[in-house]
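Next up, some structures in structure tokens.
Next come two complexes built around chain A: one with chain B, the other with chain C.
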Partner chain A sequence: MKVTFPHLGNLYIVLAAFFENLGIDVVIPPPVTKKTIELGSMYSPEFACFPLKINVGNFIEALEKGADTIVMAGGVGPCRFGYYSQVQKEILEDLGYKFDMIIFEPPRGNMKTIIYEINKLFKGKNIKKIVKSAKIAWLKACAIEKIESQALYYRAREKNKGTTTRIYKSALNLISESSNEETINANVEKINKYFKSIELDMNYSPLKIGLVGEIYTLLEPSSNMNIENILGDLGVEVIKSIKLTEWANTNIILDMLRIRRPDNCTFAAKPYLNYFVGGHGVESVGETVIYAQKGLDGVIHLAPFTCMPEIIAQSILYKVSKDKQIPVMTVMLDEHSAETGFRTRVEAFVDLLNQKKEAIS
Partner chain B sequence: MQKTVGIPRALLYYNYYPLWKTFFEELGCSVILSEKTSKEIMNRGIEVTVDDVCLPIKIYHGHIRNLLMKDLDYIFIPRIVSIYKKEYICPKFSGLPDMIRCNINELPTIISPIIDWSKSRRELTKVIFTVGSIFTSNPYKIWSAYKKGINQLKIYKLLLKQGFMPEDAINILVNKKDLLTPDFNKGKYTVLLLGHSYNIYDNFINMNIVQKLRKMECNVITPEQLPTEKIEKEVEKLPKKIFWSMSKKLVGNYLHYIKTSEIQGIIYLVSFGCGPDSLIGELVWKWANKNGQLPFMFVTLDEHTGETGFNTRLEAFVDMIERRVNI
Partner chain C sequence: MANNELYLGIDVGSVSSNFILMDAKKNIIEKVYLKTMGKPIEVIQKGLEIIQTVVNGKKIFGVGTTGSGRLLASTIVGADIVKNEITAHAVASMLINPSVQTVIEIGGQDSKIIIIRNGIVVDFAMNTVCAAGTGSFLDRQATRLNIPIQDFGKLALKSNTKVRIAGRCAVFAESDMVHKQQMGYKFEDIIWGLCRALVRNYINNVAKGKEIKEPILFQGGVAANEGIKAAFEDHLNCKIIVPKYYDVMGAYGAALLAREKMKKLSLSTNFYGFDNICNGKYSTTSFECNGCSNMCEIVEIEYDGKILSRWGDKCGKWSMVDSFQKENVGR
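Right after this comes the complex of A and B.
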């Protein structure tokens, strides 16, 4: 069995660690390139969500590299994600690929099928080993998250442009290569030191822009033209609240225990969007309200073209932006988005915020 | 004074209007319907919505604005999240009242009950009484209004099953005309018209497709004509449950009719940018292609769809049916 999975930011490091520790062979899909996106778009339905298309590109490239088992998450609606895997399976089968697809439906789904799917993957593995692999994967996830948020802070303030991004890359490599708990912990220390060594411009107070929107386009840089780097290089500090570990915590673990956490975000969104609309629609609205209250300079709202929850959020963000006096820019992304146009829009938005800031001070 | 309640002639109006109308009228209200969809209504919707939202939602906004020109006490914008267990309509329906509130100013009081049976129907009675008590404190009156509404809805659904289009069915109900025997199923061929109710029954959106097909000697079967049990029987066999009720109905229809000799062609209407149909429509299209027996046409509708091109495609499609049948 050679397992593969879709790319989602740095998640591949976590998943690869998990499977490899279990002794399962992994084929990590090649990094997403223009070609990946082209392949995926060519074979996917024209109006499917952009993430579905990039997934298909990942799968094709991984299957070509010898993968024979695809691991994918499922869902129970109302959004499209829950039906991704069915459509992707048909597309790949029609292309003639032979593979097995293991779909993890959320715990709210049918317990019996979940156990059946888990069995397919972990047959013959002992529980202790599974727990240990999961622990290592979790530690890596936490370490990666820390690296990501440190990079956002340092990139905006660094004196020599490019230093943070360089350190960020080697930090990820270090975590990726760490094979046990001790090395992970030791490397986290080391990485902290690296970041602290970056020379900062202490008199500079950067613009702060919140990034909100659909989770895939927030986490996968190839889908958002690497917006974090673009903004960071413009001296902007990016504030982002979607975190993978947090997401897993609320959506998988707490969900399994049927604990519903009253969260600030839903509360903040309430006057504007008062019902769950799938995906991260409510979060996009709620986070924008919170960011406005915290005094951020602006918000960039990212979404795949035709994304249902985010179209609802977009309709509502107009009003939030007016009421709360915070500039909001929505960017819809798909395979036709052009990098130059995108960059120009982002730069123009940053200029606008800079002017606004200067006018106030 | 009699209270007036405005109901937009859009979205699930085509599925539930007789229930809503009867309910409010039995409670002593006068119901005011927006005008039929027109270019004017569409444009008024487009003016206040974001570009990326699908046409039916834009048009719904247009109907709300059309209603604002009338003298209303209330406007009815239900939040219809789910009508069956573990199923949903579409996320856009869940956020509809919020979008309207943010996009349109100076609305009268909105009546916006939450219809969410995705977990259970327990809330049904509560919803009925909450809405009813706006107009009366007499619970008996509320319940009987609801019952009468449900009765009307049943008759309406029967009429649709016979092949009446919603406007005609509502006419028969409202004007208490006798049940006429339908005189429209006399064409040479029969076409299965798939699509969401607000696309296949709104003659502005679909550019009069039903009349056009009938003129070209085609009978039209719509998804509302197939009994639920038959739909369920078909979709049960799928490896994964389709959790969008409307799309599920279309798939059930497709799987049912493809096995019969009742139809000679299939037309699938989708809104540009429709989420559920971007996946479900694709599956149906793939199946139809593999099956290859029947002419199958996908029509994408948005505000830019031109009528001339549409007519040409329709004619070509019927030609194709003719050729296949006459081989």
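Right after this comes the complex of A and C.
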């Protein structure tokens, strides 16, 4: 069995660690490039959203490299994501690929199917080993998240542009290469030192922009034109609250145990949006409210073109923006490659926030 | 010495490229409006040649570039500031009319709305997936009907019947126009209908949800079209002001921003000089990088045989972005 999975930011490091520790062969899909996107768009329905197309591209490239098993998440609710795995399976089968697809659906009461799916992967594996692999994967996930948030902080303040991004890349490599708990912990220490060595402009207080929106476009840089780097290079500190570990916690573990309770975000969104609209629609609204309360300078709302939950959020964000006096800009992302137009909007938004800040002070 | 100071603003857009020469007191000395025709470098050289004739021994103290070709323009002329066109337009309109609250800007391929309150940009929007209602579409319709684009707006004003044309989509608008013309409607009525449809499209797609308050400035190439201006006034039921330099406001803004930066930081300009730019031989080549499957198209700009700049790569392997560009595009 050679397992592959879709790219989602740095998730591949975590998943690869998990499977490899279990003794399962892994084929990591090649990094998302123009070719990935072209392949994905060519074989996906035109009206499907951008993340589905990148997934399909990832799968094709991984199957070509010898993968024979695809692990994919499922979902329920109004967002089309719940249908991704089924559609992707059919597309790939039509293309003539031979593979097995393991789909993790949120259980919602039916434990039978999920146990059946899990069995396909873990048949004959020692439970102790599974727990140990999960632990290493979890430690890596936490380490990566820390690196990501450190990068956001340092990139906005660094004196020599580009230093943070270089350190960020080598930090990820270090975590990726760490094979056990001790090396992960040692490397986390090492990485902290690297980041602390970055020369900062201490007199500079950066603008703070919150990123909200659909999870894939938030986490996968190839789908959002690497907006974190663009903003960071403009001297803006990016605040992001959807984090992988948190998402896994609420959506997989708590869900499985059926103890998911309303969080701060749902609560904050309540006066504006009191229904589950699928995807991260409620989160986009709730986070914007929270960011406004925290005094952030602005919010950028990201969504794949035609994303229904985020279109609902977008129309509500007008009101949030007005009530809470926080500028919000929505950016719809698709396979187009016109970076100029994207940059123009982002730069203009940053100018707007800078002017506002200057006027206040 | 202050009388010798001149500032240059350059706006390289999809359809037109505009140049402005401004004195220290922010007065426009010369404006040049040229069609880009897909050859931005040649147009920049040509524009500067015209500007050079009025410089009269004075000195350029600062250069700003804007528009979708702002980075290219900056590379060619040696700009001191590179700014997005939204900020540039806002800056220029606030100088022309300090109490302005709304700026409508319609150019060759994009349209924007900028909301200003108390001298600060508080909101803006640009057309996203659709170019209906922009200059290119009007140009196309004028060509199809064989009317010079300059007369297009005037003709609309002659109409006194309201013909409804679909404004949602340029393709539908065109087929609607054909339909109405085959039914026998008068020319001017159809054109007036089109102007109103485009304004509806703008209000619903670009300006959606934004509070449009007076004073309203209308700028960009399309502001020359009296039909569109009248249709805006008709729809919004308020007065639309078209500033004198409506077609070069972006360039004006870039010049103003350059002046502000140079004064504030008392820098000396990066400008390469008229003779160097106008007489220089620029050539561009592009090639596909085979380093990874991104297959980035790298564009290389040469000046007199030396590589001036490269861009287009995602990884930064080829772009020798000099420290200047990073500094000036950034904070």
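In the analysis below, the second predicted complex is superposed on the first by the 359 of 361 C-alpha atoms of A that agree within 3 Å, B and C clash if a C-alpha of one lies under 4 Å from a C-alpha of the other, contacts with A are read in each partner's own complex, and residues count from 1 in each chain.
Note that contacts are C-beta pairs under 8 Å (C-beta built on N, C-alpha and C of every residue); 3 or more make two chains touch, one makes a residue touch a chain.
Owing to the predicted nature of the structure, the values given are computational and were not obtained by experimental measurement.
Asker: Looking at chain A, does chain B or chain C touch a larger number of its residues?
Answerer: Partner with more touched residues of chain A: B.
Asker: Applying the document's definition of touch, where does A:Q86 land relative to chain B and chain C: first, second, both, or neither?
Answerer: A:Q86 contacts chain B only, not chain C.
Asker: Identify the partner contact of A:T340: answer first if only chain B is touched, second if only chain C is, both if each is, neither if none is.
Answerer: In the superposition, A:T340 touches chain C alone.
Asker: Using the touch definition from the top, say if A:T306 reaches chain B (first), chain C (second), both or neither.
Answerer: Only chain B; A:T306 stays clear of chain C.
Asker: Check whether A:G235 is in contact with chain B, with chain C, with both or with neither, and answer first, second, both or neither.
Answerer: second
Asker: Tell me the contact category for A:G124 with respect to chain B and chain C: first, second, both or neither.
Answerer: neither
Asker: Is A:Y318 contacted by the first partner chain B, the second partner chain C, both or neither?
Answerer: A:Y318: touches chain B and chain C.
Asker: May I ask you to decide whether A:G295 touches chain B, chain C, both, or neither, giving the answer as first, second, both or neither?
Answerer: Neither chain B nor chain C is touched by A:G295.
Asker: Return first, second, both or neither, reflecting whether A:G278 touches chain B, chain C, both chains, or no partner chain.
Answerer: After superposing on A, A:G278 lies in contact with chain B but is clear of chain C.
Asker: Per the contact definition in the header, classify A:G96: touching chain B only (first), chain C only (second), both, or neither.
Answerer: neither
Asker: Once the complexes are superposed, what residues of chain A are shared between the chain B interface and the chain C interface?
Answerer: Chain A residues touching both partners: 305, 318, 332.
Asker: Going by the contact rule at the top, pick out the chain A residues touching chain B in the complex.
Answerer: Touching chain B: residues 45-49, 52, 74, 76-80, 82-87, 90, 94, 272-279, 281, 305-309, 311-312, 314-316, 318-319, 330, 332 of chain A.
Asker: Taking the touch rule as given, give the residues of chain C at its contact with chain A in the complex, in rising order.
Answerer: 68, 83-87, 110, 118-124, 126, 128-129, 209, 292-296, 326, 329-331
Asker: Within the complex, which stretch of chain B touches chain A?
Answerer: 49-50, 52-53, 79, 81-82, 86-92, 94-95, 97-99, 102-103, 114, 239-240, 242-244, 272-283, 286
Asker: Along chain A, where are the residues that touch chain C in the complex?
Answerer: Interface residues on chain A, with respect to chain C: 30-31, 33-36, 161, 233-235, 305, 318, 327, 332, 340-341, 343-345, 347-349, 351-352, 355-356, 359.
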